[in-house]
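Data first, discussion second: the structure below is written as structure tokens.
All chains are identified by letter, namely A, B, C and D, in their written order; residue positions are counted from 1 within each chain.
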Amino acid sequence: MAMTIRILVTGGTFDKEYNELTGELFFKNTHLPDLLKLGRCELDLKIETLMMVDSLYMADSDREIILESCIKADEDEIVITHGTDTIVETAKYLAKSIKNKTVVLTGAMIPFKFGSSDGLFNLGCALAFTQVLHPGIYIAMNGKYFTWDNARKNRKTGKFEEIDFLA
Amino acid sequence: MAMTIRILVTGGTFDKEYNELTGELFFKNTHLPDLLKLGRCELDLKIETLMMVDSLYMADSDREIILESCIKADEDEIVITHGTDTIVETAKYLAKSIKNKTVVLTGAMIPFKFGSSDGLFNLGCALAFTQVLHPGIYIAMNGKYFTWDNARKNRKTGKFEEIDFLA
Amino acid sequence: MAMTIRILVTGGTFDKEYNELTGELFFKNTHLPDLLKLGRCELDLKIETLMMVDSLYMADSDREIILESCIKADEDEIVITHGTDTIVETAKYLAKSIKNKTVVLTGAMIPFKFGSSDGLFNLGCALAFTQVLHPGIYIAMNGKYFTWDNARKNRKTGKFEEIDFLA
Amino acid sequence: MAMTIRILVTGGTFDKEYNELTGELFFKNTHLPDLLKLGRCELDLKIETLMMVDSLYMADSDREIILESCIKADEDEIVITHGTDTIVETAKYLAKSIKNKTVVLTGAMIPFKFGSSDGLFNLGCALAFTQVLHPGIYIAMNGKYFTWDNARKNRKTGKFEEIDFLA
């Protein structure tokens, strides 16, 4: 348990804020340190902000940056905060090349700054899963973990579900 | 992942509320369902309130009730919400008799109702750990998990730490 | 102090919510009752929702509805919740026809549902001002009250200021 | 409206915090600046902390300090944050000597730090009332104002009411 976990920040609903002058949502800095402080988290963590984007606008060039960061990281346990809309695509992208690290992607349905965020819960889940799961690429949402090849976001409910479950 | 997890509620800071007429802290109902809703948790859960006590006043008769509930539960994965002051004692009590279930005890330093609770984070961690750890008795706090025989609460910092670490 | 105060709800940032499926802001129901409950408000109030619109899209037909509602109200003290972008226009519109009632318009820069809303503070101010100011049309923002003919929103700061002050 | 308002802080539920190591409530610093920032308050204010006490333990020597501070203040408008249990006693104490200033005492039933505080609402009311009411000593609670000689806290409901109302 003396492991170090790397957290890669890519944006997503997690970190969106409300601009009170324009009434629009925008990105400034990540709130990960605030969330970790709230959670009294004492894990040995390295937090790195790769980008701050809405995952609907995430390009393959962004995914390449994420992949490179996972590969070059000294740590074997990695958590990635990511918009939920294309989190599955990124998980698939990483799975093609990463075999020997435990990478858990997670997101949020409500911005942390809006008070009733699911982000704190999801972050707890993701950090826990990454410590114990075997190497592989996973998505942690709704209290569950999903393997990269067996997850999808249900657009109607906003919940994640196994693809198997639907077959 | 179609497992059912049992959550046993025993009180603790997690569920304390502020009585605005007397200015004192007290217990009413558990806030676990509120926390799970905030976290958009979709796990199959059975929540059972065993007692609502400050763990400083928890007696062995209470621990016996918790033990019996763990044993008679149909589920093999169990999360227990518990006051942090004697959470280690309860973990030890359970470890004497439970060998084939994954039991994760967790607590909170700040009541959920006081806004900035660590409870939501800890609950996420505990639910995640119970899904993936091998059978045994664990404590989930500060983003980490501790085995029942290697944990203590540092009274000065309020953080949990391994006993080994001190040796 | 046995007066009854009428609250007219017209929408505005006050009541905006976050749609977690689309990531967009929208209106559902007013949160005024929640705010009043938080404030332990014991005033005799009549709350009436006239419309739920972003004040940037408020038309003169909407302002006519607000005016009619003020005129036909039995109460002499009226608070109107309103988007801040055109709150001054509506105040001017009302001032042309209402002479014998104390009407206080107020708004918010942050939606109440986003946690750190100024709405609760502004609502307290507006309800207090309407009880003690002489008949007239006022805007309550930033802890201050402004007469309808001497207020403007500074678009750069988001704060309200007197026009005189600038002369 | 270019007036300056003095805020005298005396403690009370308003400013209580939760000590997560002992589970007890205590005073540290006032949260008035945080509340005013949340409220986007732009009034010209002077904030002065006189003491940090639970009003149940407020002695006449404390009330003498409050009285002296009101008298020696340059401002004619004063807001005092105070525990609700003896707020009426302090109002009476001040009324004996202060005739030419508008002093509004206010408090809270829930600590600001516990999230769902009525304090932000009450502070808005108190600041508004002090700007408009004639000189005198008032209590602002539950959205209403009470004159010093016609108020009492109902211990069963936690609400303030006029004494006349009961006669």
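What we mean here is this: contacts are C-beta pairs under 8 Å (C-beta built on N, C-alpha and C of every residue); 3 or more make two chains touch, one makes a residue touch a chain.
A quick note: this is a predicted structure, and the numbers were derived from the prediction, not measured.
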Could you tell me which chain lies farthest from subunit A when each chain's centre is the average position of its Cα atoms? D
Interchain centroid distance [CA atoms averaged], subunit A/subunit B, Å: 25
Could you grab the centroid distance between subunit A and subunit C? Build each centroid from C-alpha atoms only and quote it in angstrom. 40
Just the number, please: Cα centre separation of subunit B and subunit C in whole Å. 45
Touching two or more other chains in subunit D are residues 109, 116, 158
Chains as vertices, touching pairs as edges: which of line, ring, star, complete or other describes this one? ring
Touching pairs here come out as A-B, A-C, B-D, C-D
Residue positions on subunit A within touch of subunit B in the complex are 1, 35-36, 38-43, 109, 116-118, 120-129, 131-133, 140-145, 158-160, 162
Which positions of subunit C touch subunit A when the two form their complex? 13, 16, 18, 20-21, 23, 25, 54, 109-111, 113-116, 155-156, 158
